[in-house]
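Chains: A, B and C, in written order; residue numbering restarts at 1 for each.
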Amino acid sequence: SVPTGVLPLCHRPPEWYRAPRQPPSLLLTPCRAFSNKKIMVELDESSGVATMTFKSPPVNSLSLDFLTEFCISLEKLENNRACRGVIITSAIPKIFSSGLDITEMCGKSTEHYAEFWRTVQETWLKLYSSNMVTLAAVNGSSPAGGCLLALSCDYRIMVENPKFSIGLNETQLGIVAPFWFKDTFVNVVGHRIAERSLQLGSLHPAPEALKLGIVDELVPEEKLQEKTRAVMAQWLALPDHARQLTKAMMRKTVLDRFIAHREEDIQNFISFTSKESIQKSLRMYMEMLKKKKS
Amino acid sequence: SVPTGVLPLCHRPPEWYRAPRQPPSLLLTPCRAFSNKKIMVELDESSGVATMTFKSPPVNSLSLDFLTEFCISLEKLENNRACRGVIITSAIPKIFSSGLDITEMCGKSTEHYAEFWRTVQETWLKLYSSNMVTLAAVNGSSPAGGCLLALSCDYRIMVENPKFSIGLNETQLGIVAPFWFKDTFVNVVGHRIAERSLQLGSLHPAPEALKLGIVDELVPEEKLQEKTRAVMAQWLALPDHARQLTKAMMRKTVLDRFIAHREEDIQNFISFTSKESIQKSLRMYMEMLKKKKS
Amino acid sequence: SVPTGVLPLCHRPPEWYRAPRQPPSLLLTPCRAFSNKKIMVELDESSGVATMTFKSPPVNSLSLDFLTEFCISLEKLENNRACRGVIITSAIPKIFSSGLDITEMCGKSTEHYAEFWRTVQETWLKLYSSNMVTLAAVNGSSPAGGCLLALSCDYRIMVENPKFSIGLNETQLGIVAPFWFKDTFVNVVGHRIAERSLQLGSLHPAPEALKLGIVDELVPEEKLQEKTRAVMAQWLALPDHARQLTKAMMRKTVLDRFIAHREEDIQNFISFTSKESIQKSLRMYMEMLKKKKS
């Protein structure tokens, strides 16, 4: 059977997170907007739709803290019966998310690499197996891990600006997307497009991303919110139970493969990341980013 | 190895059906058109092409009787060496088939659910693994089980009327397409289109169905017969043996998975269908259909 | 783990081939163009790109000798650190490769069939799992085994002449593409297009091949070389190690399945090919080819 976000986090969650599941009556208690450091979460109880807005300058990079907050927020919504759908989007202009925070992978301890990677896994697992309707409103560039977040949703709407690009560009950094990034990508675009795009580490401008099927539609930036709500309403028109079982059936093969190789994947990440050649690659890439900025 | 329609039916077939396979010479004896209650079967011995025309008013719904007749007719053609290809089509205006007969799933005994589902399975198994060239001439709307019949053929031609739609819309009824409906669909349209279409329970108008790859081509209604014959001739130009082995190879994974989980799938169907919440969903849907009609 | 061209050949290679891997310094020694009987191999050391040009009149058919030479040449390049990419193309006008040499499959001993098939397998395995960037410059028609060579590369550029066609047309000859031809094809074009094309044994003119995704782009014949070099440069811009691991990950499932069924596949080939009905089919096809020529 398909896991649906009930697996334990690898680091200490706040007290409310560990609280036993509340009875239905309490869960229907209005849940006001709450904002932690990096993600603003708002729930519109009339529609049952939550919005998670990334607001972690400068580029919404997926640090350990960001991912931990993402997991906790998503879990909280998952357990809230008043919430049936989630939109993920960004408050940072031109950037949806820049992907995994490379500083978490550079010059740190083995224990840190393990904790970081476990949280990356957990984030994907919770999002990809969510019972809620998940929708990515991609309002900026979205490389690597940022692209993975979008690919893990049920539907992707991107702003039609050709300066915004999206893709799994890991090879450009001298690293390799893990197998479950690949599986998620193949489920969206098919084997051939994934093989070519992953080998070349391509970042596809929005119009090309649409053509390849990486995103489902493009809209002008000013129409993004309206369009996102309309699409969400369309998905919420279906009975939750039938839709959830169908989603679980579609994603079962990829989720099962991940679960079976989860610890192995952490060990692979640690040994790969610990290599001096990889550390050098990542340092060079960070230097390049710094120079680009200045 | 791939089964090719030799598995026993779950209910009593007529005497001729249980007769031992006839020697080749007898099999070449002309087989005149025969019509049972719900499906007209005609075999053109000069071309080796049979046509199975659904004629079960009002909407060719796939009842236990209809499916039993379908299985028996297909098996008979499969064993007739004079027959190399089958066209399935409808004699009911605007409807190809409305899919599984919901009355077979409502307020019946566990034994009835088991018999019904076994026959649904058998129908798909015989059609999907047929050694003959199978062609769907979709001359009307084709939701759910009707769509499955079309998807199980080698090729699908649909009338270009945008009022005719096709799709696996089970979620709209609060139920879930079984895994082998899903596998058949994914083999035709790929994972992404299947995931989205199944979750939304979409019924696609003919032009959209073509774009998504659910059908292979559209023709004006008056050209349907001519086009169907031309396509069939193209497929029959290939040596049977090589074509059959190739087809079996292509469909082996999906057929093997089905065979391995066949009994489990029946148990799932029974326990799901027996739930009061599902019974309620189905009754509401039938009420809605009745109101629509009047 | 994925094999990468280190598996032994099934027949005796020349002395240099069995030599132990040379130390890096020696491997960087310039490797001049060398030409055996059927394939011209040139290595441009400044770019690290080798070109393997098929020059076996009349139609570059894949005989045991041709395939043996192909394996040896590819292995030599694979072990040469100065070589990072390979282009395969043809020196014969209008023909890329006509596919497997049918005379190797007609009226020969069981031992010969086994040796021939093992070499066909080895050729595909080496090419499909190559660590180098592999690029097919398809400058002529490319049926059956010729198509397989192109499909096994990382990228396919075809001359836009609609008289040139490409496809796995085995069923037209009364034979069946083996499962790993099919798997390679499905990875490129997806399940539906492969199912239809393989059953019909279609040879697709260049424009149709582009539309179906069998090739990645079309160019005028006079631009082929320039375009091929530009594409190769794009692929070589990626760090080898990350690109190689990504490629191995993408092709792992198909390679693993092949390895698991390799000997079984040889036995199948022998027993199928030894059948009198198949021998007759192949003789008839050869007669037809002879008549066509004269």
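As a working rule, contacts are C-beta pairs under 8 Å (C-beta built on N, C-alpha and C of every residue); 3 or more make two chains touch, one makes a residue touch a chain.
Predicted model, so just to flag it, every value in this text is computed and none were measured.
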| item | value |
| --- | --- |
| Same-site or different-site touching of chain A by its copy chain B, using the half cut | different |
| Turn needed to bring chain B onto chain C - CA fit, degrees, nearest 5 | 120 |
| Whole-Å gap between the CA centroids of chain A and chain B | 39 |
| Residue list for chain A, restricted to those that touch at least two other chains | 190 |
| Contacting residues of chain B [partner chain C, same complex] | 154-155, 186-190, 213, 216, 234-235, 238-239, 241-243, 245-247, 249-251 |
| Contacting residues of chain A [partner chain C, same complex] | 170-177, 179, 182, 190-192, 194-196, 198-201, 277, 281 |
